[in-house]
Amino acid sequence: MADTDPIIRIRNISKFFGQLRALDNVSLDIFSGEKVVIIGPSGSGKSTLLRTINQLETVDAGSIVVDGQDLTDKTANINKIRMELGMVFQSFNLFHHKTVLHNLTLAPIKLKNIPREEAEKNAIRLLEKVGIAEKRNCYPAQLSGGQQQRVAIARALAMNPKIMLFDEPTSALDPEMIGEVLDVMVNLAKEGMTMVVVTHEMGFAREVGDRVVFMDEGKIIETGPPEHFFQSPEHPRLRKFLDQIL
Amino acid sequence: MADTDPIIRIRNISKFFGQLRALDNVSLDIFSGEKVVIIGPSGSGKSTLLRTINQLETVDAGSIVVDGQDLTDKTANINKIRMELGMVFQSFNLFHHKTVLHNLTLAPIKLKNIPREEAEKNAIRLLEKVGIAEKRNCYPAQLSGGQQQRVAIARALAMNPKIMLFDEPTSALDPEMIGEVLDVMVNLAKEGMTMVVVTHEMGFAREVGDRVVFMDEGKIIETGPPEHFFQSPEHPRLRKFLDQIL
Amino acid sequence: KVIVFATDATWPPMEFVDANKDITGYSIDYMKAAGKEAGFTPKFVAVAWDGIFAGLNVGKYDAISSSVSITDERKKVMDFSEPYFRVRQALIVRKNSKVKDLKELVGKQVGSQISTTGTFAVKAVKGVISKTYDEVGLAIEDLHNGRIEAVVCDDPVAANYALQNEKYAKSLKIAKVMESAEVEYYGIAVKKENNGTLELINKGIQAVKAKGLDKELQAKWIGQ
Amino acid sequence: MPEKKVTIDIGDGAAIPTKKDRGLLSAWRLAFFGAVGALLYLILFHPDPYLRLLKFLPDGILITFQVTFSSIALALVVGLITGLGRISRNATINLIASTYVEVVRGIPLLVQLFYIYYALGQFVRVPDMLAAILAMSFCYGAYMGEVFRAGIESIDRGQREASFSLGFNRTQTMFYVILPQALRTILPPVGNEFIALLKDTSLVSILAVSDLLRRGREFASESFLYFETYTMVAIIYLIITLILSKIVGIMEERMGGHGRH
Amino acid sequence: MPEKKVTIDIGDGAAIPTKKDRGLLSAWRLAFFGAVGALLYLILFHPDPYLRLLKFLPDGILITFQVTFSSIALALVVGLITGLGRISRNATINLIASTYVEVVRGIPLLVQLFYIYYALGQFVRVPDMLAAILAMSFCYGAYMGEVFRAGIESIDRGQREASFSLGFNRTQTMFYVILPQALRTILPPVGNEFIALLKDTSLVSILAVSDLLRRGREFASESFLYFETYTMVAIIYLIITLILSKIVGIMEERMGGHGRH
């Protein structure tokens, strides 16, 4: 944990879907290099919180500052900020009409004006990193779920982001594929990437997380380092949750 | 078990779906008043066997005689024979456009020319028997699965059949509704109805079955009274199957 | 100078499309001859009858040479050249019909091409049901098929073309050639105030008449 | 994650506004009240020629409706027979029904109208309105046949099996069990075809049937008021189809499921 | 057991034979070879008038194709814009696009043709062919708009979100991610509209554009051979649309999923 300004500063945000209060006055600071794991029961607002960070959801109250830029400021160039934030979805969301390689090169070429050759070289390097370079000319539909998710991580990395957001990256995978994706994520963490991960994989939280955040009903109920968190949970709701899933 | 001719006599029937041999030289006698339970792994041909009895599937070889009538005889009036055979499906298959009451009266009125009044009286008696008379004017979509299945049983009974066929009548039900359907079936058995039941409910098989038939890969592998069957299964496949589900 | 004439080429023998897909017929030849005399080149474009006057006002073409009868109504919205052909309305009926006059057809359907002088003649007789067609041929076919009792159209079309066709020769006849109070002539229609074009056309028509070329055309296309 | 196959079918009828499509719903309002407003404005402030026109056209509207209703009724009968033929297990019947569908849908309606009206008119004598109605029904019967077929095929196989197991034969099953359920499914597409047919009756004007469009054409070519006439005709058609599509839309929304009161 | 909601949409194009529909597939063969056979028979054994007719019609076929192709090209452009407008979050744009769709689909094509050709022809001067093409595109643009809209809406929301999260803006997302995928989905319905449009070009014959049907009418009006002429015209249309529907059918079958080679 660096002793500087947080790279993500979330202050008192609230979010409504109609009557439903999906986020209820949430504040959270994330520092550069930190790995924050968000857990909580279904519907507790984990995804919504993650998605407000790159403004896939706008907030109704409060402020979010990412890398010094206030997202709730109307003049903020959200597309620029999003380039700093890699996002990995539960359902992979690879571009179906592009090969693996072109999934990785599309954004760098179009958005950063990187020459095709350089973009492809970089893409292949990333694909090697996630262990899937030999599939570069396949289309997403030809890959297994685990392979698709690894490509999705590589695609996010291709934009060279400062922060990576993961929304249940392994929930849509068959059990035998979960490991290969988690491995990639563990390696990424070791390299020092700032990561915010929504997951139900408690093993991963314990091994990688610097801090675990427990949400329920749109609120952050408890926060702490994983050891403390799993061994002596304070809040009864957290205890109940841990009982259920462990 | 009556000491007469069997009411259903199945001799050496085979059934192909394309290349697949769904039934492989199956023979089985069922006597009036008998309760036969058919068990076996998925795809073993249980449904196909049951469906050949009322000719929802035709056989490619062998003969089936029901109540003295040879079904494989081209001149047999299959619609007449089907009236003797009540059938209950996994997915209920109530007529969606008719109320509960009219589901029960349609066939008697149209096929047996029973006056509407008499048919309705009989229908209400049956609905009371399955404990659902108060829903008589509802449409199927307004009922729970367990209620629908009880109506389906009553509908089959309304034709006053000699034999009742059940194809996994409780597999599509939520656990809390299975009991109510099984109760109806147990009562029916007590009244002396001849029943052929495909099911995974081993408790029911034990309590009600006179004979249990185990199928695998289109063949009948083992037959016997339930005590013997569950306590000292002979065939290794049956042992494996029982290990898995019990 | 090129003058563009609109024509509804479904009015044989006055104007129609021949086997070479060229627009041809009596009026076409007439304008070609007039052009030669007056020094203009006629160009013909095919236009459907019921919109033919609409295009004149927008200037899609300079003139209409399409067996347009000169009527007072039409004179209000367009100018006409000198008459170039005299017509009468012919009443066509089936061979076995005893009808001799339009007046006998009260309550019956009588066909004509939409908004031709034939239509006006039908509508002038109270009680006769007017049925209008896009083309006169369709009306004659419907008469032949028995759907209507009679057709009213210009006599050259009736006498000299339709009834010459072997199909109709056996089944149809002209019951009457109607003499209206006013004599009916074909004229070339031009947009109002388009005097240059009108003069040129008039000059041509006069020259054709003076040389007697119209008699030759009469013999070629209509006979007698 | 396998992709689902998506098929898109845009019916020919009209854009049916439903609650799901807010854009279209407000567009319907705009179009409808715009059309009615325009009609009123023209009649009140330019009675000549618009009031004259409005007096000239009504019998044409009547004919348009007559042709539409008769044709749809006949087309439904033809469609039911065709639909049953299309799913028939008898190869000959199946082929006849399928070929009918294929041929009719392969030839422009206008050509079919000409053909049935004039070409066949040489052999059989039918009054003009009847000929037009027959031609429209013949053509729409093929489309209706496909609607019926799809409707019948949409009914769960279990319904047939339940019916068989009670002792009903194929015909009884079709009429007591399958068709009554299929009818609910096909009501909206039938409504759609109805609107499409209403619009297509404008083609019979070519056959000299005095429908709305023919009346308009007669008026226009005599008065030379093309713009005014076709404006009026278009507005009237628009108002009629908008009302109908609203009705179909309401129907569609009510079709939540079977047997819910 | 809740019932699934079934919607039926029968396109106006043509009956598209696919492997799934064996009945239609053999019907296609019967219709196609029947039509070709009939054509050959008529030409060989009754050269008068059929061979004469066959020589008379070809430039009409050419015009029909010209109008069809030009109109579809223009309609695609109009349709893309309309489709984007229909899903626009800008209320005004949305309303304009929706109203365009609603109005165009509410007025018979023939009335629109008359309107654009004659009524508006009074104010602007456009050549006949162009007017016909503009009218056809204007009308079909509305249908295409709905095809595009449905195609775009069929693309999973995740695709947009993934694109946004990489830093693409709305326009880039539409053109780099959504449209390329939507195009594959809409190819079959576009093929369908193409056939429908080809058939509907027969209406321009009313405007004296010398398409296939007009040529036929010209031949008939001079020869009075209505039966023979319309037989020939119908056979030719049938052969053309059957070939096209076969192509669309093959296309549909190839559209199993994205990115499979």
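Each chain gets a letter, A, B, C, D and E, in the order it is written, and its residues are counted from 1.
What we mean here is this: a residue touches a chain if its C-beta (ideal position, glycine included) is under 8 Å from a C-beta of that chain, and two chains touch if they have at least 3 such contacts.
Everything quoted here is computed from the prediction, not taken from an experiment.
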item: Contact-richer chain pair (by C-beta pairs counted) among C-D and C-E; value: C-E
item: Centroid comparison with subunit D (C-alpha atoms), farthest chain; value: A
item: From subunit B, the most remote chain by mean C-alpha position; value: C
item: Where subunit C and subunit E are represented by their mean Cα positions, the distance between them in whole Å; value: 37
item: Centre distance in Å when subunit A and subunit E are each reduced to the mean of their C-alpha atoms; value: 46
item: For subunit D paired with subunit E, centre-to-centre distance based on mean C-alpha positions, whole Å; value: 18
item: Rounded Å distance, subunit A centre to subunit D centre (Cα mean); value: 53
item: Subunit C, residues touching no fewer than two other chains; value: 51, 54, 134, 138, 141
item: Overlap residues in subunit A, where contacts from two or more other chains coincide; value: 91-92, 96, 141
item: Multi-partner residues of subunit E (at least 2 other chains); value: 2-3, 114, 118, 121-123, 206, 217, 226, 257-258
item: Subunit E residues touching subunit C - in the complex, by the definition given at the top; value: 52, 56, 59, 114, 117-118, 121-125, 128, 206-208, 210, 215, 217-226
item: Subunit D partner contacts - residues on subunit E that touch it in the complex; value: 2-3, 5-15, 17, 23-24, 26-28, 30-31, 34, 86, 94-95, 97-99, 101-103, 105-112, 114-115, 118-123, 142-143, 146-147, 150-151, 154, 185-186, 188-189, 192-193, 196, 199-200, 202-203, 205-206, 213, 217, 226-227, 230-231, 233-234, 237-238, 241-242, 245, 255-258
item: For the subunit C and subunit D complex, residues of the former touching the latter; value: 49-51, 53-54, 73, 77, 111, 114-115, 119, 131-134, 138-139, 141-142, 144-148
item: Footprint of subunit A on subunit E - complex, ascending; value: 156, 158-159, 161-169, 172, 176-177, 180-181, 184, 257-261
item: Subunit B residues touching subunit D - in the complex, by the definition given at the top; value: 54, 56, 79-80, 82-83, 85-87, 89, 91-99, 106-107, 110-111, 139-142, 152, 155-156, 159
